[in-house]
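Chains here go by letter, A, B, C and D, matching the order in which they are written, and residues are numbered from 1 within each.
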Amino acid sequence: MAIIINEDTNVIVQGISGKQGLFHTKQMLAYGTKIVAGTSSSKAGTTIEGVPVYDNVQAACENHQIDASVIFIPAAGAKDAALEALEAGIKTVVVVTEHIPVHDEMIIVAYAKRVGAAVIGPNTFGIVSSGKCKMGIPPNQFFVPGPVGVVARSGTLSYEIVGNLTAQSIGQSTVVGMGGDRVVGLTFVDVLKRFEQDPETKAVVLIGEIGGNAEEEAAEYIKEMTKPVVAYLAGKSAPPGKRMGHAGAIIERGKGTYSGKVEALEAAGAMVASVPWEVGSLIKKVLDLDKQFNWEPGALRMREERLDR
Amino acid sequence: MAIIINEDTNVIVQGISGKQGLFHTKQMLAYGTKIVAGTSSSKAGTTIEGVPVYDNVQAACENHQIDASVIFIPAAGAKDAALEALEAGIKTVVVVTEHIPVHDEMIIVAYAKRVGAAVIGPNTFGIVSSGKCKMGIPPNQFFVPGPVGVVARSGTLSYEIVGNLTAQSIGQSTVVGMGGDRVVGLTFVDVLKRFEQDPETKAVVLIGEIGGNAEEEAAEYIKEMTKPVVAYLAGKSAPPGKRMGHAGAIIERGKGTYSGKVEALEAAGAMVASVPWEVGSLIKKVLDLDKQFNWEPGALRMREERLDR
Amino acid sequence: MKMFEYMGKELFATFGLPVPRGRMVKSPAEAAKVAAEIGSPVVIKSQVLSGKRGKAGGIKFADDPEGAKAAAQELFGMTIQGLPVDIVLVEEKLQIDKELYLSITIDGSAKMPVLIASAHGGMDIEEVDEEYIIKKHIDVELGMQDFIARDVVRRMGIPLTSTHAQELIKVIKSLYKIFTQKDAELVEINPLVLSGDKVIAADAKVTIDDEAIYRQPDLPWVEEHTATEKAAHDLGLSFVELDGDIGVMANGAGITMGTLDTLTYYGGKPANFLDAGGGTGEEGTAKALELILARNPKSIIINIFGGITRCDDVARAFASVKKNIGIPVPVVIRLVGTNQEEGRAILKEVGIEAYDFMQDAARKAVELAKVQ
Amino acid sequence: MKMFEYMGKELFATFGLPVPRGRMVKSPAEAAKVAAEIGSPVVIKSQVLSGKRGKAGGIKFADDPEGAKAAAQELFGMTIQGLPVDIVLVEEKLQIDKELYLSITIDGSAKMPVLIASAHGGMDIEEVDEEYIIKKHIDVELGMQDFIARDVVRRMGIPLTSTHAQELIKVIKSLYKIFTQKDAELVEINPLVLSGDKVIAADAKVTIDDEAIYRQPDLPWVEEHTATEKAAHDLGLSFVELDGDIGVMANGAGITMGTLDTLTYYGGKPANFLDAGGGTGEEGTAKALELILARNPKSIIINIFGGITRCDDVARAFASVKKNIGIPVPVVIRLVGTNQEEGRAILKEVGIEAYDFMQDAARKAVELAKVQ
């Protein structure tokens, strides 16, 4: 098991012949991803790394069963590419592209909601179901199978933390990058719900950052979760970000600060690491607890003492 | 039982103070419809026939639980009124208004589909669950409770046939007018499915007409139905309607003729009356059959002989 | 409302959709002038609202202004399917490498617009095999996205990397804009011509939704109806002449058709189809009777089942017409529904007993027609 | 990209949204001229991209051209929150009967636009109680329908039958058009003034999505960044100056923040935030180091976890900068991820051993900063 994608997921790469598309197609194939088709109007009819290339998604769908798409199309064409994949009935669409106009992102996300599909990103490193399928751009060597689900807002920081987990022999069920933009498809809550349902996932790592209120919303759901959650929030010592005039202030009303987020998460029963590499040791404790005490739902969040901080 | 609306349905009248809205509000109240609110920006804050009037649907929803809306707003404002009702979460919207631009109708229907609501019409006489609730404009006296579900494209012809049924002591469970326009919400198939599920409905009358392919589509579903269907199609001796250029011809490709429709319906097991008042006698036979032979699904359509034609 | 080809092309041009050089003229002399301006062989096309124009000889070619003048002269004398040629369109004669077909219309059963395309365009598109006809329904909330246009072009067999493909994608997007922004029921280009590197709309068929004309003030007005039909239409009446001898008036298209069917069932022959719609007042009723009487019927049946139409209104209007104008043939009235008692009382005052059932009224009307 | 008030009002005007009469000027003499044209008391507003303008004295009033000139003279000498006043806007002084608030922005957690309105507009909108703030999320597929605008106006307590209501509905619809058609992140009117029968936008705050500027060629360009920030931005770097003594460069906002957190954890003080993003080449790396060195750090940490960024590219760029320009302070490099072996080999050639773990590299960087 894993969430969203697995070893049977048939993947299409939109924009397979571009610089990024080509490089990461090789990397994904090397990781074991089942890439069954790619799109590129200039290379249609050829194969790239053994993958047949089509004019567009529709043409590929006429020849293959496709479950998921990963998009490497430049920003100006990314909305069209995502809508194309969604309209073709593809239910998992990973948009790696960054710098997509936010109005385009709102359109993509609204349409995905309507057709009942999951969009990961935009501006995401992608998703890895460790040892089974990788869609996106993370380096292959750090993702190994195991019991920890990871969901993150930022890319490199996730590699950092996943790398640390792997170095401590803690593998991952699935690692999901939500994407760094203001409007993205799957949110923390969407991903946490899936981890909660996934029998292979025993604990969850949430990697957030200051600004916005995604972590506060996650905290609301974490209250209901039976699985332990360890969080790290970047930006404790970072300069405050820019605000969106009065309107932004009205929407956020005091949310978005480091301390507010930590408070919300801890109140919900999550443990918050103060530096990235502390995540591994917290997870270790959590999983040891599991073995020693025959883990019961909710047990962890009732513990009064904080772990080695 | 009945379909779509019943004695517990809380109704709002949009455009309650206009000439048609006011007249038919009185009629609907007289029939027993539970009208809990109305809208009219000029009469907001007053009551009309004892019904409290609000500025808009949202304001009414702040004060009442509302299940269904019937719209008497003139064509230019009808799209907005329908979207307003749908956005407010009302799941049954009856659009009586005629002369609505077809592009507006497509927008209404698309939005209704998205929010999972049923739109009846536009350009419909409405819907009557006999003895329980009437939404729309049919004359009250002809609709009495009973075992026959009626679904129709045209208004006055439905009163004609329902009046005939009632005169023969055959009551109706629910009578639904789909609306006469090219693009409408609920179709024959949508309504037939509901009748098929409704325990009170023992037989269904389908009132169609030449043009379009709604009857052909209905025939496809009738094949699967367990309840007997009697149809009357207007236009056997009418002049052919106008066609929409080549594009219309390509879409219809031979559909839409009287004989084609009769053929499709008969092949599906429906009985087709050749004049409106024949419907009553066919229904009588069907319901007698039901009593005599302990009605079994599909039994009727296997009968070879045609009834008294 | 159907638009003339030249109007459709003017509309196309305002949306950046390529059309041949040329313009409409109303005299042979003007035709020669336009041909001279164009300076190359021209096509002269009669402007009538009929699809069979080509086969009827309504399209001519000329190599020079003299020839254009002569061709126009011929066309201005013609009548095509009953429609006189008052306007012709003089355009450059295109070099035609290939003819495509493209249209957008409304698919009532899908409840959405449908884009129809074919690489086999030209006069006989209706005869083309299904497999060469591409249909793509357009989600009105999503609209015409690039990928949709691109996929249709691909399915037409045009390489996506070609100039033609780029032009076609633009044409499809413009056509959809016209369709939605101008409240069209139909926008059709047949043929859409590949001419060298270019893609040009060699014809333009545009039909605007009659119900939306009020919000399209920039569009030209085209009167499709005869004076009689227009008078009827303006009063909310839908009127069609038939061959029989029984005048018919009913309220609602369905019941009017049902009335015709019933008359036919009893061996009668309807003289007309007249749907008085919902709520016709005295003026409408008078006009309706005038239209019916103009067909010299032997009897008249008025079949009213009141809903939004109220029986008393109809009765009052009828009684007034009968008193003030007079009706020279026997009239059978069937009147039930909203306010029926009031209506029947009014009719009684002018000596008419209304029927309860359509079949009885129809049988009587047929009898009366036979007696006369 | 934030737009100046006067630009926002020009944009409003092109969408038919009512704004006060007046225009922007660049000298006191021009201010007097505009005041004379207006012919009634005026307001003179400094044009700076800061929200605190009013409280900082950046808005003045005058009764005549002389007064306008004097007021403008004062403003042109001012600096508001570090921003010099180069432009002022001279406008008619409005009769203010009531101040409303209206804005549309993006709610990231709802993933849709949100319309925010209040009958309690004016300077202190952020202090207004939640119950007087109306929020309405807008479905992007449905768009701004009349009923939505009408409901918001109703909830503001404005009678729907009033002229104000009709005007407000138009304002809301226009504002949404600007928001969507101009790729805005924020359109805000505070205050939106009721003045007699009229509704007038007395201020205009418009922010355009930076990622969409490329497709908004008609909008004026406003340079918000300092020359240093702009140079960094053009190379894909995100740079902020801090108070400490350890230079920081990392790839990705999250890991850069994580690096700062780690340095702080070990008792170090970062001198800057520098996110080199994905894939910065030699020029970018050189520029990044230049920016970092300008802060006179005692040590530098470069923390790269390659994904879309490839380690060999970073190493090559760094090695080249080190060779060609030289780096006068100790540098600690952590380098893992895509193509890490190639990257490490390149670093080894210039005498640098890369770290595996961020914490080790950070600890070392803190030590080095203390030693220096």
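Here is the rule we use: contacts are C-beta pairs under 8 Å (C-beta built on N, C-alpha and C of every residue); 3 or more make two chains touch, one makes a residue touch a chain.
Values in this document were obtained by computation on a predicted structure and should not be read as measured data.
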Interchain contact steps from chain A to chain C (minimum; 1 if touching): 1
Higher-contact pair (C-beta pairs counted), B-D versus B-C: B-C
Chain C-chain D separation of Cα centroids, rounded to whole Å: 55
Distance between the centres, which are taken as Cα means, of chain C and chain B, whole angstrom: 27
Intercentroid distance (Cα basis), chain B paired with chain A, Å: 48
Chain B: positions in contact with at least two other chains: 111, 114
For chain C, residues that touch 2 or more chains besides their own: 139, 141-142
Interfacial residue positions of chain D with respect to chain A in the complex: 51, 101, 103-109, 111-114, 116, 125-126, 130, 133, 135, 139-141, 180, 183, 185-186, 188, 190, 205, 207, 209, 211-212, 214-215, 240, 242, 250-258, 260-265, 270, 273, 278, 305-309, 336-338, 340, 357-359
Chain A partner contacts - residues on chain C that touch it in the complex: 139, 141-142, 145-148, 150-151, 154, 160-161
Chain C-facing residues of chain B, complex: 20, 24, 27, 75-76, 98-107, 109-111, 114, 125, 137-139, 142, 152-160, 163-164, 167, 180, 182-184, 187, 207, 209-210, 212-214, 217, 232, 234-239, 244-251, 274-277
Chain C partner contacts - residues on chain A that touch it in the complex: 41-42, 44, 55-59, 77, 80-81, 83-84, 87, 111, 114
